[in-house]
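Note that subunit A is present in both complexes that follow, paired respectively with subunit B and with subunit C.
So, the complex of A and B:
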């Protein structure tokens, strides 16, 4: 597939739960071989975005508008049959707690085998051969032992590798990784991110990497989208976001992270005052206004629009609009 | 202030025939008043067991713990209780370290009334000053834990730890359940409280960037042992042990400017 055709295209996606807006006009595009980071703190809507893409919204949640296209095919409103083929097929997914996602009473080999049968119709020797190939691809080199193991017999890192193998079993075009390393030690987390990076390059996967920690995934992505309170507030090439953040929230998030803030040890970090907003708490105005050092009276009244700043960059902040 | 010598904790192996293992393996260190020792290591390396041994929440198998000249391991029941006032722990998860059925005023009043023996008026006064010190206000004392955010709960846990005027604080992954913007608030609070009260601190985390930011000295723990310990800057810039170097290499990094757009 040509790199110009987006593997995944989300346009102006909105979701509400019982009348409360939890996703407000979120857009993203993801090309084959590209890694896009979706970053934000609890409740910002990053996981909700992933669930909406997969048609897995929780009860009570409703799509308010927008579109989700996989290689041009609209997924919003698609039948459950279509979505079942897409999930674990063209769109693979891995989550934070591999231990909770793997079936505790089924051997790893059988779980991955089931995916191979379901999505690719592989059985018997062909399934077995493919299973071994996948385990080797994700660095689980003791294929016999791993295939026969139950989830609890594997370490957290190995469980996440098994989850990745299962996601690969459907030959995905897009891989959504929602906090894939949050439950892991830093050293193992780094290995898992290396693996995802390698798979992205070798298979030309479009990778959507979701995390609460910009520091962890910033260095692993081509582009990042920063979310706050259900809205995308900034989109930028990853290489630029750390040195030249355009939204005050992005800048504040970087300054508040000990690893990347660049402040002297034992000196105060520039923290962000106040609390994270409750979902739907802000109706008019910018949700970050009450914590923002640049805020002016207009910020709590007018909801900022998305401003395109230059190629590949944009922010949702009134400072880029007329009359600020 | 705190001196630990050859501290050792053996556990029986798990399951029938499991071999005994040392969760903490002959560890020695000192912490001075006003100083922070950062303890970094991965899950299961023994860092939490070590912290519990210091307060004898877990009984060490051998070794010495001396706090301000007192041999902690020789203390009887009553003396141990009195000693524990001087050393407090702030735990990782403020969701489980606060009783969901206790209103914040009862959480904070209990140690003030029963341990320090303050009367109602003095308790109220001290409670308000504690809340203010950790950045909460008077109205928070009427809340139940579920009505507070994670950051606010961790502030309550810190206020509770401070209520008995401790000299030493163990902060065991105090921010790993918190969002980044809230984490910075809690880290700044700990730094300020340490400065204001001259607290000695043991700051425990699996995140070496975090430990480097908070500590004067760092001890790197692996499989129950200290594999390296030195001034924080020396660990970050001139790590000697290969394990320390792997931890440093796994730190998040900013993307290179020449990365493809």
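So, the complex of A and C:
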């Protein structure tokens, strides 16, 4: 695949729920083999972005504009048939709580097998052989036991591995992992992240890693997009974001995160005063203005536009537009 | 890990199989089914053989449960009569399950206007008395098993539909449904694979209770002359025919009456036992 056509390209995507804007002109691009981190507080629109990409918006939600292209193919407005082939096919999805995302009354092997049948037409012995291959690939070596097990008979880490196997069943180009480790303990979480890392390299997957935790994103991603109140506020290479945050919110988020292994300097933790505004609360001005230490009167009057700072870096803050 | 832990399913079925209510009621149901289905071999006399000498004959070695007004063997008639009761009970429930459960689950899972329409249609069906439905089906379909089965399935379907809808509504909120959508399954496939299996346990319990209800209802309809016409044997019909002779020959009334009680009790206990074993509690039923 040429480097010019990204695996996934989201452009100016806006979503509103009954007139309330929940995603405001979000853009991101993802190349094969690349890991992009999407970070922000709960409710900032990270998961909504993932659901919008897959065309799985909740009832009442409406696409306000923009585009979502998978290898150049437009997904917004595509028919349900097309979307069903994309979901679990070219785009694999992993959710937060693996235990709740597996059907409790169906064996693991059957659930993964259903994806193999649906997306690759595999049945019978061929399906079984591929199932075993997938289970081994995600590190579930007791293939017989796992395939015959129900979700509750596996540990959290094994459940998440099974979910990953299911997402891989359709041979995806893009893998979206929405808080894949939030429900897991720290040691298992890092194993799962290692596995995602390994799969990305071996399969050339474009990985969209969504997390509220900068530490999860930090060491694993090439680039990071920070979201706040439905807007992308900063985009930067992961290596730079911790040492050289350009948006005040990113800086505050880093200051509030404990130990980001070897990247962030160790300082006392600082909370971000105030809270995330309710969706649709303020239509004008920067959504972060009232929590921002740098805020000036202009911040509540005018919505900042996206400023490209240098190649691969950008932020949505008035200080760059007005040259403070 | 040397020995795999018992699977959820295995332990569930062990709980069902070891439940005393389930065990004894299934045994009783099995006996009832064998006796009535095998009535041709088991019963000592043909059910319609008239024997003037045996009119109101007291129970003895030849007529174990005595004779009725026309001198027919009460035991034989009770055994043959069970065919109708059990067949109606099981068939009416089966039809109600096959129509009601997918309809209700569909409404609950899809939601929105579809749900509203189906729910109102079900509500419309609810207030019709079974007697009225039986009269209408008898008029349309004529005498026969089919008209009784249809009337009773019409009465039972809304209950199964409502329960399946409630279950589907709650299942549709669970994360694994979203995960299934995310893996590309269409609505129909999700219904079949992920919603309907979750209805299985409450449906099974309700089905057992509904067979009991249908047997009782069939007896009532036959008693009122809305079942199979005489001389076809049926518990409700025989009860009606012998009612006036209760003081003269109580066995003619007690035999079919006791048979109804036994059958209804057996299916009620089965449903009760299943509910205990499934540990669903009183949430759905």
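Observations on the structure shown:
We take it that the second predicted complex is superposed on the first by the 311 of 324 C-alpha atoms of A that agree within 3 Å, B and C clash if a C-alpha of one lies under 4 Å from a C-alpha of the other, contacts with A are read in each partner's own complex, and residues count from 1 in each chain.
By our rule, contacts are C-beta pairs under 8 Å (C-beta built on N, C-alpha and C of every residue); 3 or more make two chains touch, one makes a residue touch a chain.
Model, not experiment: these values are computed from the prediction.
In the superposition on chain A, A:185 makes contact with subunit B only, while subunit C stays out of contact range.
In the superposition on chain A, A:20 contacts neither subunit B nor subunit C. In the superposition on chain A, A:218 contacts subunit B only, with no contact to subunit C.
Once the two complexes are overlaid on the shared chain, A:298 sits clear of subunit B and of subunit C alike. Using the contact criterion defined above for the overlaid structures, shared-chain residue A:29 touches neither subunit B nor subunit C, since it reaches no partner. When the two complexes are overlaid on their common chain A, residue A:63 makes contact with neither subunit B nor subunit C. Across the interface of their complex, subunit A is touched by residues 1, 4-5, 7-9, 111-112, 174-176, 178-186, 189, 193-194, 197-198, 200 of subunit C.
Residue ranges on subunit A touching subunit B, taken from their complex, read 41-42, 156, 185-190, 212-216, 218-222, 237-239, 242-243, 252-253, 256-260, 263, 265-273, 275-276, 291, 312. Residues 36, 42-43, 149, 151-152, 179-185, 187-188, 191-192, 206-210, 212-216, 232-233, 246-247, 249-261 of subunit B touch subunit A in their complex. Of all residues in subunit A, those touching subunit C in their complex are 54, 56, 59, 80, 84-89, 92-93, 95-97, 100-106, 114-115, 118-119, 142, 145, 148-150, 152-153, 163, 166-167, 169-170.
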